[in-house]
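After this come two complexes, each holding chain A, first together with chain B and then together with chain C.
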Partner chain A sequence: MLDILMSVLVAGLTTGALYALATVGLSLVWGSMGMLNMAHAAMLTLGGYAAFTATTTLGLPVFAGFAAAILFGAMAGGLLYVLIVRNLLKNDKATFESNVMIATVGIGIALENTILLTYGGQPLKQPLSVDGILKLGPLNLPYQNIVIILVVVVMMAVIALLLGKTRMGRAIRATAQNRDAAQLMGVAVNRVYFQVLVLSGSLAGICGVMVSSMTQLSPPLGNDPMLKAFIMCVVAGLGNLPGAVAAAFGLALLEAFIQYVAGARWGFPSLLFVVIAVLIWRPSGLFGRTQIRRM
Partner chain B sequence: MINRRAMLQGVLGAGAAGGALLADLNSRAEAQDATPIAVGAALPMSGFAAADGIEFKNGLDLAAEEINAAGGILGRPVEIHVEDTKEMGADIVSQSMQRLIDRYTAPVIINGYNVGTNMIEMDIAADNDVIMMHYNTLISHNEKFKTDPARYYGSFQGDPPEYWYGPGCLNFLKELAAAGSWKAPNKKIAIIPSANEYSIVIANAIRDKAAEYGFEVSLFETVPFPTNQWGPTLAKLRQDPPAAIIVTHFLPQDLAQFMVQFLAQPTDSLIYMQYGPSLPAFREIGGESVNGVIYSTVVGCLPDDFSKPFREAYRAKFGPSSAYITGSQTYDGLWMWATAAAIAGGPGEPFNKEQAQKIAAVMRRNVYRGVNGTYRADPAGQSAYCYPTQVADPSLGMPHQFLQHQDYKTNPKLIAPPLYATDSFVLPPWIKA
Partner chain C sequence: MNTHSSPKGLTGSNKLDITITLLLIAAAIALPFFIDSRYVLGQIVLALFYATIASQWNQLFGFAGVFSLAQMAIFAFGGYATAMICFYFGWNVWGALVPAALGSVAFSLVVGLACLRLTGVYVALLTLAIAQTMYLLIVTDTECFVMVGSTCRQFTGGAVGFARFGDFGTRALFKAQWLVGNYAIVAVLFAITMAFTYAIVKSPMGLAFRALKDNPGYAVARGVNRFQAQLLVFGISAFFTGLAGGVYAAHFQAIGPGILSMSQLMFIIAITVVGGVGTFWGPLVGTIVLVAADEVMREAGEFRTLGLGIIIAVSIVLMPKGLVGRLGDLVGWLRRRHASPARGKLAESPALVGE
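Now for the complex of A and B:
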C-alpha cells in the first residue's frame, strides 16, 4: 500500500512542479504589471518546439536545446513588450488591463497557429527527456519526474534570489507595489516591464520543455498548464509569488489524491471547487491582501 | 421541397419519350459542362485534433487528384474546400458546414470526425439536401437516422459505429485465451474510458457484455479528455491487477504516455487500446514502451496488396511520417460518393432533393471495396456493417482490425480478424510467461 501511495505522491509532486513553473511566469507578470498574459500558453509551447528544433533539426547537444528554449521564450517576451505592451501602456491606464488581455489572446492564437503551420499537427516526442527508472526498495521513480522536480526547485531558488537579492529584483518589487511611487523614486518602469516579460518568457520556455518531456509536443501544449496556472494564481492571490508556488504544489497533490480516491474524472472539478470556495470566503486569495499586490 | 429544375424534369418525364430524352439531355449537358464540383469538408485543422484533420484533408486531396486525372465526375473536376472546425462542437461544425454550402454550393460534404456535435451534421445535410459522409464512428448516427429515415436520407457514416468495438474486443480476448495464445491470470478486466461520447459508448458496451464473454469488470475509471498524467489511475491498476487493461481513450500521445508510465511498474495484464496506437505519433512518442500493445480499429487502411498503391502514393505526396491510416477514410469517402454521383447522372447541387436522393440510393445499393475494406450501408442506420461481429461474410462488412505493435521500429502487425490477419499474436514483453 505504501508504494502505491508513494507513487500517487510522486505523480502529485511532479504535476505540482510543472504547475508551479507555469504559475510563477504568469504570476510574475500579473503581480508586477497588472497584466494577464493570455499568450503565456503559446510562449510555453514555443519553448518546447525551440528545444526540439535545436536538438533534432540542428543536431545540437541537450544543453543547447535547453538554452534555445530559454532564448526563444525570452525573445517572445521581449517582442511582446516592444510590439504590444509598450504601445498599450501609452494609452489610458484604466483600460490597460482589459486591452492587454484581449491583445495577448490574439497574439497567443497567432503564435499557436504559426507553430501548427510550421511543424504540423502531429504530436512529436520531446527529445529532451530522460529514460529509465530509479528503484528505491518498493518504489519506482522515473528519472524524468526527478529531473522535473529538481529543475523546478532550482528555478524557484534562482527566481527568489533574483527578486530578493538583486537590483533588478528590487526594482520589480517596487514597481509591483506602486508603479507611480517607483517611477518617482527613479525606477525606469518601462525597463522593468521589459525585464519582467523577458523573465516570464524564459520561464515559459523552460516550462514548455518540462511539460513536453512528460507529455508530447503539440501546438495546444501550453493551454492546459496555462489554465491550471490561472487557477493557482486565483487561489493564491493575484501576483503573490510564494503563495502561487505553495498553491501549485498543494492543489496538484490534492488533485492527485482525489483522482486516486474518488476517480480520475474528479481531479479537475475538485480544483474548480476550490477556486469557487476561495473566491467566496477569501476573494483576494489564500495569501493575497485586498488591493495590495505583493511579489 | 421541389425546385424549378426538378419541376421541369418532372414535366419532361411525363411525356411519351420524356424519360429517354431527359437522360440523353442530361448526359450531354453533363459532358459539356466542365464547371468544377465543390466538395466540402468541415475538418479540425487546428486545435487538439489538428493532426487528424490534416490527414483527412490529405486523403481528400489525393482522391480529388486521382478522380480528376480519371476525367472527373462526368467530365467535371472536383475541387476541395475546407472549413476549420477548430475545437469542434455542434455550433462550430454546423456553421462550418453551412458556410461550405452557402459559399461554394457544395452538393456533398465529406468530413473526417468531429467530436461533441450531437450529430448536428445530419440536420445540416437534411435541411440543405446535400449528401454528407463522415467518420465520427458513433452509434448516435444510427439512432438519429432511425428517428426519421426520410429526412436523413443523405447522411452516411463511412464506418461501423463505435458500439461494435465492445463485443468485438471481448470476442477477441476470449478467442485468444481459447486458442492458448494467452493465459489469463484471472477473469478481471479494467476499463478506462475518457470523458467523450466515443470512448464512453465503447467502454459501456464492453462493461455490459463482459459477463457474456466470461469476464468481470474490476475497474471502470473515466479519465479527463485529453489526459497525460496517469499516476493515480495506474496506482489503482497496480493495487488490483486485472488480466486485461482496456483503454478506450484514443489520443495517441496520451496512450503513449500511459505505456511509458505503466512500464515503470507493470502488471501481468494484456493491454488493449483504442484507435490512437494506429497513428505514427504513438510509436514516435512511446518508443520501445509500445511493444506488445494491442489495438483495434473498425476503419483504417488495410496492409494488403489492394491498398498498396494508395499507401505509396500517400507517403510520396505527404511525407514518410504522414498517417495514411487516417487519410484513407476520407479518401474512400470521396471515391465512393464520386462513383455514386456519376452513376446517378451528376452531383446535383444544394436543395436538389431529387438528385441527392438518387445519389443516396446508389450509395445504399452499392457495395464498395475501398482501401479500408468493404463499405456496405446497414439500412437500419446507414453506417457500414462490421465484420466479423455484425456480419459473418467478410465481403459484406468492414473488417474490425486487431493489430499489435511487435517492434516499434516497424509497422504494427494485423493479427485478426480471420482472412485478413497477416501475423500471429505475440505475448507482450512485460508479461511473465
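Now for the complex of A and C:
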C-alpha cells in the first residue's frame, strides 16, 4: 500500500514540476503584458524537437541539445513579438486581448503543422533521457524523474533571481504592476515585452525537452501539458507566479491520485470540476488580485 | 462615424442589407440548376454549415464580446443528441431535431452559468477546457451500453460515433437528386438563422449585448442586466448551433468525436476573423473566402493546415475588422473623397478630415 502511495506521489510531483514550468512561462507573459499565448504549446514541441535534432541528427552532446532547445524556444518567442505582438499593440488597446489570442492560435497551428511536415507524425524517442531506477528502501525513484524535478527547481530559482535581483527583472515587474506608470518612469515597455516573450519561449523549450523525455516526441506533444497549465494558471489567478507553481503541484498531485483511484479517464474532468468550483467561488483565481477597473 | 450621418447611414445600410439578402436568395435558388457536380454541391452544403456555426459564434463573440471556445462542443452536442435520440428511441430525424437543439440550449446555459462571473481570457480558457473534457470523455468511453448484434456499443458511441440512425427522407423522395433536397434543407436552416440573428442584432436586446461588450460598467449603470443578457446570448446562439448540429448529423448520417477537434474550431474562428468580427455579413464572406482558399490549398495537400494558421494570424494583424470591415473603410474613404472634392484641396492630410 505504502509503495503504491509513494509511486503515485512521485508521479504527481514529477508532472507537477513539468506543469509548473509550463505554467510559469504562460503566467509570466500574461502577468506582464496581458497576453494569453496560445502558441505556447507549439513552442514546447519546438524545444523538444530542437533537442532531438541537435543530439541525434547532428550528434552533438547532451548539453548542446539543451542549448538548442532554449535557443529555438527563445527565437520563437522573439519572432512572435516582432511579427505579431508589435503590430497588434499598434491597434486599439481594448481589442488587444482577444486579437492576440486569435493570432497566437493561428501561429500555434502553423508551427505545429510545420513540425509535423518536417519530422512526420510518427512518435520519436527523445534521446535526452536517463534510464535506471534509484532504490531507496521501499521507494523506487526513476532517475528521469529526479532529473526533471532538479531541472525545474533550478529553473525556478533562476527565474526568481532574474525577476528579483536584476535590472531587467525590476523592469518586468514594474510593467506588470502598472504599464503606464512604468513607461512614464522611463521603462522601455516594448523592450520588456520582447524580453518576456524570449524568456517564456526559452522556458517552453526546456519544458518541451522534459515532457518529451517522459513520453515521446510527437507534433501534438505540447497540447496536453498546455491545457493543464492553462487550468492551473486560472486556478492560481493569471499572472501570479508563486501561486501558479503551488497550483501546478497541488493539481498534479490531485490528478495523480484521482487517476489511481478512479482510472486515467477521470483525471482531466476532475481538474475541470476543481477549476469551475474555484472560479465560482473566486472569479479571478485563488491568489489573483480582484481587479478594480476604472471606466 | 459622426452623429450627423448616423441616422441616414442606418437606413442606407438597411437598404444594402435588403439588396444583399434578395441577391443571395436568388443565387441560392439558382445554384442547383447550374451545378451538376455532386462534389461541388456537397462542399456548398458543408460551407453552409460552417457559415451557420460561424454566424452564431460571431453573435456570441462579435456582438456580445464573450470569447467562448465551446462553440463546436455545442454543435457536437446538438448532433450527438439528435443521433442518440434516433438511435436509442427510434425517432424520426425530423422529430429529434428540435428536442436536440433545446438540449444544446440547456448545455450552453450551464456553460454560460459557469462563465457568468468571468471575463475575457478566463471565459476562453474555461470553455476550452469544457470542450476538451467532452472530447476526452467521448473518446475514452469504452464501457458497453447496449449490444448491437454481436458488437458492443458505448453510450456515447466512443471513438467511432454514431452512423445510420436515419435521414431526412430525401433519398426516398428525390431518388438521385437527394443532395439537392438536402441542400434546400440546409439553405433554409441558414436563411432562418441569419434572419433571426439579424432581428436580434437590431433589437434592443442586441444593443444591450453590444453595450455590454463596449463598456460593461457603463452598460450596467444604465440598467442593462448583465446576468440576463449573457445567459440569453448563450441560449439563443446555442439553439441554432445545436439545430445545425442535428441537421449536420442527419445530412451525413454520421456523427463522431472528430468534429470536436481543435482544427474544426479553428476553422470557425478563422472564418469569423477573416470575414469580420462583429459584422453581420462577416461570417458569410469569411466562409466563401476560406472554403474557396481551402479548395485551392487542397491541391497543396498537406500544407492546408499550415496555410490556415498563417491566414488566421496574418488577417488579424493586417485587418483586425476583417474583410467586411476593410470594405467599410474603403467605402467610407471613397464617400469622403466624393463628398468633399472642394474641401479636399484645403485639407491635404486625410487624417484631419476623417477623424
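The working rule: the second predicted complex is superposed on the first by the 291 of 295 C-alpha atoms of A that agree within 3 Å, B and C clash if a C-alpha of one lies under 4 Å from a C-alpha of the other, contacts with A are read in each partner's own complex, and residues count from 1 in each chain.
In the analysis below, a residue touches a chain if its C-beta (ideal position, glycine included) is under 8 Å from a C-beta of that chain, and two chains touch if they have at least 3 such contacts.
For clarity, every value in this text was computed on a predicted model and none was experimentally measured.
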Identify whether chain B and chain C fit side by side or clash on chain A in the overlaid structures.
clash
With the two complexes superposed on chain A, say which partner A:178 touches: chain B (first), chain C (second), both, or neither.
neither
Give one of first, second, both or neither to describe whether A:113 is in contact with chain B, with chain C, with both, or with none.
both
Once the shared chain is lined up, is A:166 touching chain B (first), chain C (second), both, or neither of them?
neither
After superposition on the shared chain, which partner residues are touched by A:265: those of chain B (first), chain C (second), both, or neither?
both
Just to be sure I read the superposition right, which of the two partners does A:279 touch: chain B = first, chain C = second, or both, or neither?
second
Just to be sure I read the superposition right, which of the two partners does A:7 touch: chain B = first, chain C = second, or both, or neither?
first
Of the stretches 117-125, 153-161, 207-215 or 387-395 belonging to chain B, the one that collides with chain C:
117-125
Chain A contact set shared between chain B and chain C covers 113, 264-265, 268
Which residues of chain C touch chain A in their complex?
61, 67, 114, 117-118, 120-122, 124-126, 128-130, 132-133, 136-137, 140, 215, 217-218, 262-263, 266, 269-270, 273, 302-303, 305-306, 308-314, 316-317, 320
Residues of chain B that touch chain A when the two form their complex
45-54, 195, 221-224, 226-229, 231-236, 238-239, 252-254, 256-257, 260-261, 264-265, 279-281, 284-285, 287, 321, 323
Contact footprint of chain B on chain A as seen in their complex:
1, 4-5, 7-8, 10-12, 14-15, 112-113, 116, 120-125, 133, 140, 142, 214-216, 218-220, 224, 256-257, 259-260, 263-265, 267-268
With touch defined as at the start, can you tell me which chain A residues reach chain C in the complex?
30, 36, 83-84, 87-88, 91-92, 95, 97-99, 101-111, 113-114, 117, 223, 227, 230-231, 233-234, 238, 264-265, 268-269, 271-272, 275-276, 279-280, 283-284, 293, 295
